[in-house]
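Please see the structure below; I have some questions.
The first chain written gets the first letter, and so on, giving A, B, C, D and E; residue counts start at 1 in each chain.
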């Protein structure tokens, strides 16, 4: 595989290309249609490249870098443009490309204001997310980490719903609160490493071996953890999420839930754990407890929601709690399940947000007590809704079950109570999802006028996702293979109890 | 001898300054200040700065204070209204702060070994002084001259009253 | 050797603080500016004293620069005071508080 | 050849998917026909491939599913002596029910969804039956849960129906959690989910683990089979169309729990405490269901409670170690209960879409075929001698009694009492529905069904089932009869411990059972042969509402759940966290106003601040100077 | 004062000379653009000279340095002045500013700032500082039609002369204890390899008050919002970008000399920095007036710069210089946008005036939004790299709590920066700005803003070149 990328920085190009697309959108600002097309084309090209990479590089892989690029950036600070693609990032990059296309398509007719800006921001966001999933230099990572933030802030703030400004600011502040501390921690590691070796660098590979001054590591790790925990989000740092998800425009919700939450977990895996293995190991019980708490908390509160979007938002808290639980028990199976679950959650929740958006567009409301009877008015749409809701509920044969089951199996092995309690979350998930289905699908339609059923564009959004959901549900190995080894190594490095024999 | 004169002059200067600070009327204050400046000029002389002493009298006491007097006269300040003593409520905090600053300054000054050293007799002759000033510090003189120039420009610009007053720009 | 340097400093410091006190106490703009002049004179004394202490004339040079500067500042200040008086009809420093917060 | 077994699963799956995806475009005839054909073909296939189950059975595996580290789960089927009859029963009964549904659903516009779900249900059920590993079984397990949800709530425009579906799904999911945990535990301790391997290696488990796992499996079974304490969903599930009730709540889904326990019987049977718990749950549920059935007024609810009660008997069988007895009763019950439900559907249609048995009556004359079929089912249910139900129930009671200790005797006592009650409520049902005069005259005229004759396909699916039900005893006649113990022999070791009982004891117990049925019938005849308005006493209401279980659960679970949800949402999320942060923000804002107010605009205050700063700094320096020496 | 020395100081002389020339030309040439052109040419010439013509001696008159550090800042300040001149052409013309005086004063302010940055002696520092401060007194009150301007000028003046007196006393005390004005020696004389002597402490106390006043550190900051609000927008930009930066560039030299003595000052610097960051942030939070908000924000930023200064090593100084360059760019940019938005009558100051600007004035509003994010320190703007540097400096010097205060301030500060962004982009649909509509801005103004925008982004994305340059200065 080494020959095809030898002289071209594919990853850098991948990160930069959407940015160019964003600039193109700004340049094309005279024509909304041109911007839409540009957005679609750019995101499709990225998807194509990612898909191509997946085809080339997918399959069972070891732990090494599938692609690795290293270019000079700020020599004086020791920061470099280091990008690397391994099995996990490969899958997440693919998910990113996929969901951005979804985001572009669901916004096609919906967002009518300041269209060029919208697509420019969406593409910038894609750049940021791709960068987060690819960068191996802490400074670069932080840069991308924050770049993600800004477009999202604008997307929520400009195109969001009623309380958009509040939600946008809350989102920004919550995330920044964590990441600023992480910045200090990055500096701490950087300085400690530089002080020790005389070589100041932000490269993850080098910093991983830093021997920190006594007593530093837990604090630095805590700062990293905080930044990532806000993004995940872990209870009790989650209250930005329902607001942001609910107020965001559909594309924003899709990307927030599908991708931004993953960056938190990814950051923990890529940076938090390797940089501070000791404290990371010590934190696992807490992480497990918080993950479990999130699992129930999110589900419990989701059940009380009256707003369909908010309900789905809280369900994300619940799902991500399970992902964290999987990581925290640190068995190979559970870690693999967590990785898989990130992908699964991205697809099914992304699709659910898209669907809620489509429904709200037709009904003019997202309140469960005002919706209802969707099946009678738009059966195809309703069918898709049912399908994705079932997937989110963890019905076996659909994607979420695969991940959840692995997580639970792994968790039970490490600590039976965790697995058992995690399994009990099934009921909670069923409770809120059934409520959502009840409110949206069943019951008498509120008015007699028929709705436009799924349009071709909407179908193009949902059908591929549905296929993926089924694929992941019945043969997840396609997507598991690339990161299997990574999960094993991660679990081994975290030294969770009850590893595979 | 000069020591005694120094202390006498110091006392004069300080008392005059105190009076200047506490007078109700601006004119009185300025006159006391001129008094203090004269004493100060003599002290400069005692400390070996004859040229500075002369300029003190000429520039400070002569030019600057007269300028002040001129302005005061121009506005015909009403003693009752313009120069009222500050209310005690405002006076005591100020006195307290000043006292603290003074006390700290003095304590620190006395704590320094340099303070114990006596001031030796010194005399900067006008010639040596002039050479220093227009030699090493010529650039400073240039800057000062620019300052004076722009002060004139500024006074002209700011003080010119040909524009209608009361433009609303920048109000809250 | 006339006096200990500390004594020169005492006089200058007292003068400086008296000037500062005037600046703080007075509300009349002109008297505030006079307070500043007192402070600067205190500084001048300290400089001349230090100049003598170190047997160098640089301190005195700075005093002269200070005088020039003072003159310049007074010119602008008074011009501005005139302008303000014309605008507000008062020389009370605290009258000018359209800008605050 | 063995790979054809996959067709068993794929036929209904494909049928369901085709109906789900393009069914709306198909004609009713085509979509219904497709569904029937799919299931019928599966039934035929099952019969054709039956020989594959002989011996150790046949295993096939197709596709890897979940793999990670040492976890290996695939789509693999196990067609053996236990699953083969079950699969055959499921497909055969389903075929008949599908046929019946063709007639029943003839007026529904949304037929495709119905047939899709029905087919998918069969697929999921076959997954349970044929799975060679517990994960695939779990897929089917959840799958039937979903399909029953969709089918119960089929008439979704009525919120009541959707609620019933939701309730069914939720309550059964509580049970599913136990099953899931059992899976996790099994995998964690035995390293496999393969059913054969689990059964083989079960001996390696610690006794405590065995008991725990058994109880968890019981928990799973309880949910799906509507046993105590997770039984409340079943009566409400009668909101679905009648074929659904027949298929799900009689023949197949509710027996999945029993099947599960039988499937893992070698494992379960190692735990004495587990078995006792199973027996106890079974006996109590049997009694509970029977008492509730005594006072129900809707025909389908009577049948629902009776199902619960009968499944309780099956649990009892498993609990006393007679897995083959459980399977026997499962099969006969499937036949006669499906028959009863389908006949009830006909009855309802004949009575003009009237559910309330107190407003029926006299239907015997309206359709003798329905009456006789129903009666056949009722006889089986009541356990009238020589019917299928008689033999299967008797086998269970015998097995319980013959264990010969106090616990099992008391369980037997409860079972016998239940048998009496069963006869009582069964004949009550028959009398109220068929005897006397029609009492539903107050119905608005012109209501559909009165004048429309029943479709032929609905009526003529009844007799085969009636025959099966009546003759079901042949499957496993007691010792001493010709062709005795067919099923026992077929199942072999899978059937659990052999019941050792003397012939005399057996005859005695049969006599007792016969007497009980007789008493029940006589009582019913006395009380119900002539219609009297139903009593409204406290006990009546108590039984009518299923021992107030719903209300109790509302107080026990639902309200606390809602309250905690409210607390977390309003209390913690909104008040504590967001409120706290908003408060902090307000506080910071207030502080900001304070700091900004410092800039008063007064020159004097600015100067004072300057002097203050100077003073503070100098004071600090002085203190430092003194302190530092 | 040899010719070689004068030659070494040529860039500053060009600025000063040009200011004199413009002043005289201005008596009969009332055409602002041509004078501006002349001024810009002078700035360009000064900058070019500074870069291209190596100085013959490194120090002029024992007061001013001609070394790379000084030259760097000369280029910066010349650029700042040229930028201010260019971006305010329409603004000045609309307010009928006296062209000659306007250009001349700005040029001289540039010269003064360059001198301050180049100062190697306390006298030089004093003179340089007073040179441009005096000019600023005038410039702030330059718009005679504006009462607020006059009030602001008066306030700055009275406080400024008081601070000057304090500064002078501080200089005198340092001189008294060290015996020389020349910086490294003076500072060494005060401290040496020991703690500061009492007189030195006293002198430093005075110096710090004066410095604190000039760069507006809490509690000496109170003039800042009033003056920013009252001053013409370009002057406020100059005040923020230039005056503070120049003062700090000199402080770098001051602190570099005192060596171990820094330890005595550290707690005070710590407190000043922390208070500035915290209280500045708090006060900015409630501002509805953009200029006041920017003023308080400058208080916060100066706190950040001071935090960087706590690390006396070259890395800390580098961080500070980088911060100053960034802050100069971003405040010029922000006030440049305000200048561009200013109509004939007034400047838009209230947040409400910016409502919906993002859609009516896409470029200027976007630039302003980027500047706000840069001020908040959000990547990929220069603000992030700048803050990174000072945080690193603080941690390196062992002041983690201060860095935490900085983090807290950054976080809260986001709220008020975002307020403006929200007003521009997220206010109610199509809300018209209250009061007079925003001016569209000329091409020249847009270009000026564009330069700042580009700079701010470049500093964030590719700061390598500037960092290397700064590294070579120290």
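Please note the rule applied: a contact is a pair of C-beta atoms (placed from the backbone, for glycine too) under 8 Å apart; a residue touches a chain by one contact, two chains touch by 3 or more.
What you see is a predicted model, and the numbers here were worked out from it, not measured in a lab.
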item	value
Partner chains shared by subunit B and subunit C (touch criterion as defined above)	D, E
Furthest chain, CA centroid comparison against subunit B	D
Central chain (distance from its CA mean to the mean of all protein CA atoms)	A
Inter-chain centre distance, subunit B versus subunit E - centres from mean C-alpha coordinates, in Å	30
Whole-Å gap between the CA centroids of subunit A and subunit C	65
Computed distance of Cα centres, subunit E from subunit D, in Å	77
Distance between the centres, which are taken as Cα means, of subunit B and subunit A, whole angstrom	69
Multi-chain contact residues (two or more partners), subunit E	123, 127, 130, 134, 137-138, 141, 144, 147-148, 150, 152-155, 158, 162, 166, 176, 198, 201-202, 225-226, 229-230, 286-287, 289, 415
Multi-chain contact residues (two or more partners), subunit C	5, 9, 16, 19-20, 23-24, 27, 32-33, 49, 53, 58, 61, 65, 69, 72-73, 76, 80-81, 83, 87, 93, 96, 98-101
Residues of subunit B touching at least two other chains	90, 94, 97-98, 101, 104-105, 108-109, 111-112, 114-115, 137, 140, 144, 147, 150-151, 154, 158, 165-166, 170-172
Touching pairs - complete list by chain label	A-D, A-E, B-C, B-D, B-E, C-D, C-E, D-E
Footprint of subunit E on subunit D - complex, ascending	585, 588-589, 591-596, 598-599, 601, 603, 605-607, 609-610, 612-614, 617-618, 620-621, 624-625, 628
Subunit B - residues contacting subunit C, complex	2-3, 6-7, 10, 13-14, 17-18, 20-21, 26, 29-30, 33, 36-37, 40, 43-44, 46-49, 51-52, 55-56, 59-60, 63-65, 67-68, 71-72, 74-75, 77, 82-83, 86, 90-91, 94-95, 97-98, 101-102, 105-106, 109-110, 112, 114-122, 124, 128-129, 132-133, 137, 140-141, 144-145, 147-148, 150-152, 154-156, 158-159, 161, 165-166, 170-172
Subunit D-facing residues of subunit C, complex	20, 23-24, 27, 32, 93-94, 96-101
For the subunit A and subunit D complex, residues of the former touching the latter	236, 239, 242, 297, 300-301, 303-305, 331-333, 336-337, 373, 375-376, 379, 383, 390, 395-397, 401-402, 405-406, 408-410, 412-413, 416, 419-420, 423-424, 426-427, 430-431, 434-435, 438, 441-445, 474-477, 480, 484, 487-488, 498, 500-501
List of subunit E residues in touch with subunit B within their complex	1, 9, 16, 20, 23, 60-64, 98, 101, 104-105, 108, 115, 123-124, 127-128, 130-131, 134-135, 137-138, 141-150, 152-153, 176-177, 197-202, 229-230, 289, 345-347, 349
